[in-house]
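Each chain gets a letter, A, B, C, D, E and F, in the order it is written, and its residues are counted from 1.
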Amino acid sequence: MVSADPRVKSVFDDIRSTRNSDFVNNLWRALANQPPLLERTWSSVKEVMIAPGTLDPLTKELIYIAVSTANGCSYCVHSHTAAARAKGLSGQQLAELLAIIGMAAETNALATALQIPIDTEFEVG
Amino acid sequence: MVSADPRVKSVFDDIRSTRNSDFVNNLWRALANQPPLLERTWSSVKEVMIAPGTLDPLTKELIYIAVSTANGCSYCVHSHTAAARAKGLSGQQLAELLAIIGMAAETNALATALQIPIDTEFEVG
Amino acid sequence: MVSADPRVKSVFDDIRSTRNSDFVNNLWRALANQPPLLERTWSSVKEVMIAPGTLDPLTKELIYIAVSTANGCSYCVHSHTAAARAKGLSGQQLAELLAIIGMAAETNALATALQIPIDTEFEVG
Amino acid sequence: MVSADPRVKSVFDDIRSTRNSDFVNNLWRALANQPPLLERTWSSVKEVMIAPGTLDPLTKELIYIAVSTANGCSYCVHSHTAAARAKGLSGQQLAELLAIIGMAAETNALATALQIPIDTEFEVG
Amino acid sequence: MVSADPRVKSVFDDIRSTRNSDFVNNLWRALANQPPLLERTWSSVKEVMIAPGTLDPLTKELIYIAVSTANGCSYCVHSHTAAARAKGLSGQQLAELLAIIGMAAETNALATALQIPIDTEFEVG
Amino acid sequence: MVSADPRVKSVFDDIRSTRNSDFVNNLWRALANQPPLLERTWSSVKEVMIAPGTLDPLTKELIYIAVSTANGCSYCVHSHTAAARAKGLSGQQLAELLAIIGMAAETNALATALQIPIDTEFEVG
């Protein structure tokens, strides 16, 4: 049911070769109906998540899971937890990640409920 | 205006000695009106963010900033960005963090809008 | 299993005649257990979404889908995407809607993370 | 305080010529510290919001405002309301937009609270 | 700067007499530019928050504050905390409310991150 | 599949004796893989939701449901609605709760969209 648009084949081929796997997950298959959006989204993901940088690949996945949880995106939590496992996520690291996500959600709510003014010490000079 | 409750003094003393600084930021001052909540929240933050674990302190702050951004907590974004800077956050690391937070928000929205079914490959066996 | 309350029958009849269809979707059936809430909600939806105004019916549905996606309401994304299709949503329009929703989510996150001050040029005089 | 990176000048020049205005708003100035993110974000915004498509420019802004409101991004609500005004937003259109955003938020909450199952009629065949 | 529309005067008069106070807060003043939205919103608030029911007025305000916090609406947190104080909110009740809001935010995040399946015991028969 | 860690058995025993029921719901079972997080979370829930205070147990559940709905946590809405029913939630109370949650979501969105300044009357002196 995937589009015959040549841009779709090109992106799918790049996903497969970049990941060194035949598997193309449902997000990309769903985006295949919108070739320009598929191209732009994959290009951005590749630049942000895969190109070498100062944050290691597993740390990037932890951040992605954290954002996806806070945004309530079940699909993204699943897909990036799978990606993190493939990059070596340990049970202990997952436990710490969960604790931080939960703790942050709690203090976020408290700070919002209490309408706390920002300390001048936190302003960048 | 801080409470005279001895639990408040005890927590504030612990914040100061744990952080090796006299500065106690507004979140804790606001919670001083609720001593049991202050005690429990600080105890949890200390356990989650400060006790040694498998994630390094800067990585923990990056995750905290990511969650706080997704939850729209301006105070928390400020306080944890300051904490991250104190732990050595570089401009390049911040740029990568921002890119991941933005990218995740975008694909979270796309996955939600497209109502994408979870790939069976992502289910843990 | 729908309530025998006459207010429910009256609202359901109005839904059917307004939409010129026998189908009453699950949201209204669930609200049938709360007749005053059912009446008030349907009355508001009818006034906001169906009464003629300056925005055309399809544009209204696009906005509804956008809000529902950002709020993570899977049911509402489904029901209003169906409504938009019934009002002529094209594949190209859907692609553009998705791109805007994703792009907005990304820049929303960046603006929040960067705590950007509002330009004085944007303030209404 | 804007970066001397040539990529920043290039993007700023393109923002100015695309919008036919000397004004560069704070979002782009803040992103100037992250040139690759600045380039990618502007390139996406230009493709999504400015390139001609099937949705007219004002409709695109209405959708952007709706998403930004649901995501609680004050900066983005301000900047895109200003953009919508510049594209001819009338008071009546704004009133209808607000009514839809509010109504959608209400039914989103009700559908989530009631955990309403998706009607089979809404599934795409 | 308030509209001369007679519907605005009528709603403002009703707000004043219902609350037995001359003060009309900014939300209603802002909505005065959209008379039908003003009328419908006030009518709903009056029915939901002020008409006698099974939940007492202070409990209703606690729920309103909780939702407003979770939705990140600073204005609404302020206005409904003021309303709760006027209805007798004690410091101890506020402390318990804050603790529940924070705790719920934390377990909400954990349940989302862990993608926990709903126990069959929770399904209504 | 539950962990053999003695901390898990201890928490599960406490859940069962506190609730006077053999049933341990899935949230706690999922947390069993993270014993320190399980211990801390249960300890907090017990302190916040079960220890006697100024808010009665049913009111606490209403607030928990309200937050969980706004945060889009389907699991938590289900589990705390079940808990509220066990504590005597009536159909009429549920109807009023739903109306408040929906109404708050709507005015939250309006206040955010309109960027309403906080009345000085709401500031605590």
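In the analysis below, contacts are C-beta pairs under 8 Å (C-beta built on N, C-alpha and C of every residue); 3 or more make two chains touch, one makes a residue touch a chain.
In this text the structure is predicted, and so the values were computed from the model without any measurement.
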Of B-E and D-F, whichever chain pair has more C-beta contact pairs: D-F
Option reproducing the contacts of D-E, where over half of them reappear, out of B-D, E-F or C-D: B-D
Length of the line joining the C-alpha centres of chain C and chain F, rounded to whole Å: 28
Centre distance in Å when chain B and chain F are each reduced to the mean of their C-alpha atoms: 21
Euclidean distance of C-alpha centroids - chain B vs chain C, Å: 34
Per-residue multi-chain contacts in chain B, two or more chains: 36-37, 40-41, 44, 47, 67, 69-74, 78, 97-99, 101-110, 112, 114
Contact set on chain C toward chain F in their complex: 33-34, 36-37, 40-41, 67, 71-73
Contact set on chain F toward chain C in their complex: 72, 91, 94-95, 98-99, 102, 109
Parts of chain F lying in touch with chain E, wherever the complex brings them together: 23, 25-27, 30-31, 37, 41, 44-45, 47-49, 53-55, 59-60, 62-64, 66-76, 78-79, 81-82, 90, 92-93, 96-97, 99-101, 103-112, 114, 116-119, 121-123
Of all residues in chain C, those that touch chain B in their complex: 65, 69-70, 72, 74, 77-78, 97-98, 101-110, 112-115
Partner chain B, residues of chain F touching it in the complex: 36, 40, 44, 47
